[in-house]
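Common to both upcoming complexes is chain A, partnered first by chain B, then by chain C.
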Partner chain A sequence: MTLLDFARGPAMQFAIVVFIVGISFRLVGVWALRHKPDLSEPRQTDAWKGGLKGLVQHAWPYKPFRADLVKEHIIGYVIHLGLLFVIFFYKPHVLFFQDIFGFGWPALPNGIITAIAVITIVALIIALVNRITDPVRRMLSNFDDYFSWFVTTLPFVTGLATAANIWWHYETGLAIHLLTVWLLLIYFPFGKLMHAFWFGVSRYTTGSRFARRGGIA
Partner chain B sequence: MSDATTNEIPVDLESKRLSVTRPDVRFDKQGEMSDDERVQKAMQHFAKDFGYVAATYMEACVHCGACAHACPFYEANPDPKLTPIWKLEPFKQAYKREAGPLSFFYKTLNLKSKVTVEQLEEWQELLYDTCTMCGRCTLVCPMSIDIATLVGMARHGMFQAGLVPHELYTVTEKAEREGSPLGATPKVFADRVEWMEDEHEVDMPLDQDQADVLVLMSSIEIQKYPESMAATGKILNQMGKSWTFHTEGYEATNFGMLSGNTQWQKDMTMKIISTAEKIGAELVILPECGHAYQALRWQGANMLGRPLPFKVQHISEFLAEAVESGAIRLNKVNKTVAFHDPCQVSRRGGATPAPRKVLDALGVDVREPESSGNLNFCCGGGGGVITIHRADSLRYKIMGNKLAQLDGTGAEMMVTSCSNCRQNFDDSGEKLHWDKQMNSLLELVADNLVEDTKS
Partner chain C sequence: MKDQDLTLGEELRRQGISRRSFLKFCAAVASSMAIPASMVPAMAESLAQARRQSVIWMSYQECTACIESLTRSYTPTLESMLFNFISLDYQHALQAAAGRQAEEALHQAMEDNWGEYLVIVDGSIPVKDNGVYSTVDGHTNLESIKEVAEGAAAIIAIGTCASFGGVGAAQPNPTGAVGVDEIITDKPILNVPGCPPMPEVMTGVLTSFLSFGRLPDVDSKKRPLAFFGETIHDRCYRRPYYDQGKYAKSFDDEGARNGWCLYELGCKGPITHNACATLKWNQGTSWPVQSGHGCIGCSEPDFWDKDSFYKPLSAGQWGSAEGIAIAAAAGAAAGVAAAVVSRKNQDKLSGGKKS
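Now for the complex of A and B:
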């Protein structure tokens, strides 16, 4: 079995199982905790509408906070949109998903994807430098923050190297790229990368709680 | 600290800010417990409330630090440890180790170390002195984490561990024992009602057997702004309401809630609920007090374990309804006004439009600072912070920022609807040589009430 066979076979299966089981376990584990009913008289019903609004309410900072936080939001959007485009709209990735799901979708030209990947890596580096140099973020940060950064950035780097074919041996390079992606999937349920799910749960929760009261959060 | 010690500390009624007199020796640890016991109790009582809401918030933080940019304490002193979410660090640590879905890994592999008593002692200042639970941090959180609620829960653990700041513990214990945190015992209250009746020639029913409306007061008003009582009486009489004050349930403040003692919070809330039920009240009116609104309007039913059998309104909501329905008419006030929103009534209470309707009826020209309404910048005195002497210097700095915002509107008159905010403006305003003063919305309405002799 070559390294590529391993990466495409058992390593992938293992990573996907950990990814799905881990995420479900963590989400259900929190959901299973006590749900206390709120007996206070709601100011307005249909709190769920406030929950849905809550999902998008913090997509951009309120005016008084913009001067301080717009830069961070832009970096955040670049990273997240970069991830989205590179993962789902790079031709070889679309083919990979087509293999699994049985259907595909249009891809973006390779040149554009390469540019997006480079921009995303630059944004990731800026985010890391900010984390280290800003006293607040440095104090809040722990192993999870840095390791999550590492496992997110690594597939971009190995992916670019594969696309540019600069490995000493293409197939081994591709295998390394795949393995870095599986590392991301395996680590995903255990750390802050779970915010991909928590952001929805948390924003909905706060949005609906405060819609019930009438204030905002 | 024994109760004997707390009993000896008098309430300082001379100061602009009501609290116990500055203690010569601080007792910031209560009860006799081993260090291990303190940690265990803190964690146990923190985790006791652990529902999925709190767990979601604990899981969701991405350590972005945005919350620092919304915190009045951090703005006044940009020390990283004043970052709102950092104030919960030991509890986050404990959640991950003890309660979260991955606690097994964290504990077995010792990925999160055990919380120590030294850590908790260090965090006392962060959880009590430097957080008013104003909730402004939630506005900037990309995950919408309700940090203020988590701080309230962390205080439950801190109280049971006997780690409450000296003054806050003292006033809370006084409130549980005497019925008021600041010496406004039932007898003092009755005397003051009588005094105000004479002084303002307003009938103020006390201890009626039956009434439609039960009116509460906060000890700050009873002790410091008693005109509020007369103002409320004047308006209710004008409307022809059947109402009463009651010596068995009059104190609106809830220091059980602020300090983190859930049982005492319940005791304090139950006094009000039982009295309202006893006299058959349909409505309980809360005074100009921010946290009282949280305690009864939003937490009261949860303390009782069933929906409240009466309606609860903050006085500003009651006044808004009265002017809207035409039940009272007001003389026009020809002034420009800036309104300071009490966080617990506006952002965290949802009654933000009410004072604006009242100001509109007064015909004033309202000038809002950029951060007003639900985005309001806290005065720095809520959450029990104003009682703590060692928190004074930072509180004055916050007020400096607040005054700059209000003065920036160019308004002639400053108005709020929270007597705790008001006493903070009085106290800090004096320190900072402010050339204005904070006024009460309620008193402004009473002073400009069109008195109809027919009713």
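Now for the complex of A and C:
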């Protein structure tokens, strides 16, 4: 068995199982915890509307802080949109998902995906530099933050190298790229990357609770 | 004077082949193997001084496509000279001798050229149950390769079966088929895989061996770098379409008619090392991708078992939907169990008073 066969076969199956088990464990585990009862009198009945509003409202910087946070928001959006386009609109990736789900969707030309990947890597590096150079953020950061950055950036770098075929050996490069993606999947449920699932839950919960107490989301 | 007593130069002159033709032949081989043009005169000189090389061709678990491929390409061109360069002393399909007479010819050739003959092997070798699944003249292939290899100067494994086991070794590999280098470990071995392999690769390798007295430089799978150094994808004339994101989605759609990239139809070009894209087949006429079919990766180990030929390369071998469903259920069960433990701890800390 070559490294690529291992990456495409057993390693991939293991990573997907760990990912699914982990996501399911954390979502169900938190949902099944005892929820804190809200004993206050509901100020309004349609608290769920506040929850939905919270989903949108927290996607933008709060107005009084906007001037200070706009740079972080732009970098954050570049990274997340970059992830979205590269993962879901690069043809080989679409074919990967098509194989799993049974249906595909249109892809972007490879040149555009390459440009997006380069921009995303630059944004990821800027985010890391900001985190390290800002004393407050550095104090707030732990291993989870740095490792999450590492496992997110690595597949971008190895993927670009594979697409450009700058490896000494294409199959080994492709296998390394796949293995870095599996590392991301395996770590995903157990670290801060889980925010991809939590962000919706937490924004909705915050929005609906505030609304119940009469606040704006 | 026996044929093998003549040098190749003398033999070619005897046949009326001019030095100019001979130099052109050397230049063609040198260019296909990326040998610098400045080496051509030295190569020709060395080749002209060489004696006809004794070659013993052993066929084991094979389908004869390798020899079919090689012989057909040799017909009227420069390559036809190659059979004058070598003395093919034993070859099942081509030799006139049969039965015990053929086996005697083999042993005679081995004795006459002990330590100097070149062994070419096509077909995989079964090793399970002491190799009983394939025998010639009462001897298993396993016994035969060990015997023939002992006096060989070098071994060339022709085709994917002799190189890596090929279709014989495909799962579940009932005969325990393997390639030559898994049995013989103390001789120089060169793999020329392909199903079948390219004829020009064979001629190039032989010429190189005769000229320089050693096998050419190889990659990690013992394949000559000159022919297997790059992937089909890297040298494919459809590569620009891959870069532009233009793919044929079926074998008869507009993309296929426009000659777009066949990646989506399962082409294995990106992971396949071979010279098809540059040398082409049938004297440069065409090759599979040019004919509209993706590369199936036939020069790579275990290509039979690497999923469907029509499955895109980026699609994984991801197991079953049941496995994923079980994983999701197991995760959910573990989550509920963790929550129950957490609730019990909460109750314990609050002394049974529910918050």
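Note that in this section the second predicted complex is superposed on the first by the 213 of 217 C-alpha atoms of A that agree within 3 Å, B and C clash if a C-alpha of one lies under 4 Å from a C-alpha of the other, contacts with A are read in each partner's own complex, and residues count from 1 in each chain.
One rule holds in what follows: a residue touches a chain if its C-beta (ideal position, glycine included) is under 8 Å from a C-beta of that chain, and two chains touch if they have at least 3 such contacts.
Here the structure is a predicted model, which is why all the values come from computation and not from measurement.
Asks: Taking chain A as the common reference, can chain B and chain C both be placed on it without clashing, or not? Answer clash or fit.
Replies: fit
Asks: Could you tell me if A:L4 is touching chain B, chain C, both of them or neither one (first, second, both, neither)?
Replies: After superposing on A, A:L4 lies in contact with chain C but is clear of chain B.
Asks: Output check: A:N110 vs chain B and chain C. Expected answer is one of first, second, both, neither. What do you get?
Replies: second
Asks: Looking at A:T206, would you say it contacts chain B, chain C, both, or neither? Reply first, second, both or neither.
Replies: It touches chain B, and chain C stays clear.
Asks: Counting only touches as set out at the top, which of chain B and chain C does A:R26 meet: first, second, both, neither?
Replies: After superposing on A, A:R26 lies in contact with both chain B and chain C.
Asks: Quick one: is A:T133 in contact with chain B, with chain C, with both, or with neither? Answer first, second, both or neither.
Replies: neither
Asks: Using the touch definition from the top, say if A:K36 reaches chain B (first), chain C (second), both or neither.
Replies: After superposing on A, A:K36 lies in contact with both chain B and chain C.
Asks: Which touches a greater number of chain A residues, chain B or chain C?
Replies: For chain A, the partner with the higher number of touched residues is B.
Asks: Rounded to a whole Å, what is the shortest Cα gap between chain B and chain C in the overlaid structures?
Replies: Between chain B and chain C, the shortest C-alpha distance works out to 5 Å.
Asks: Going by the contact definition given at the top, which residues of chain A touch chain B in one complex and chain C in the other?
Replies: Looking at chain A, the two contact sets intersect at 25-26, 28-34, 36.
Asks: In their complex, what parts of chain B are in touch with chain A?
Replies: 50-53, 55-57, 59-66, 68-70, 80-81, 83, 85-86, 99-102, 105, 135, 138-146, 297-302, 304-308, 311-312, 346-352, 370-371, 374-375
Asks: Where on chain A does chain B make contact in their complex?
Replies: That would be residues 25-26, 28-36, 38-41, 43, 54, 57-58, 61-65, 68-69, 72, 76, 134-142, 145, 190, 192, 194-195, 198-199, 201-203, 205-207, 209-210, 213-217 of chain A.
Asks: If you look only at chain C, which of its residues touch chain A in the complex?
Replies: These residues of chain C touch chain A: 231, 233-234, 242-245, 247, 263-264, 270-271, 301-302, 306, 311-319, 323-324, 327-332, 334-336, 338-340, 342-343, 346, 355.
Asks: Which residues of chain A touch chain C in the complex?
Replies: Answer in residue numbers: 1-2, 4-5, 8-9, 12-13, 16-17, 20-34, 36-37, 91-93, 95-96, 98-100, 107-111, 165, 170-171, 174, 178.
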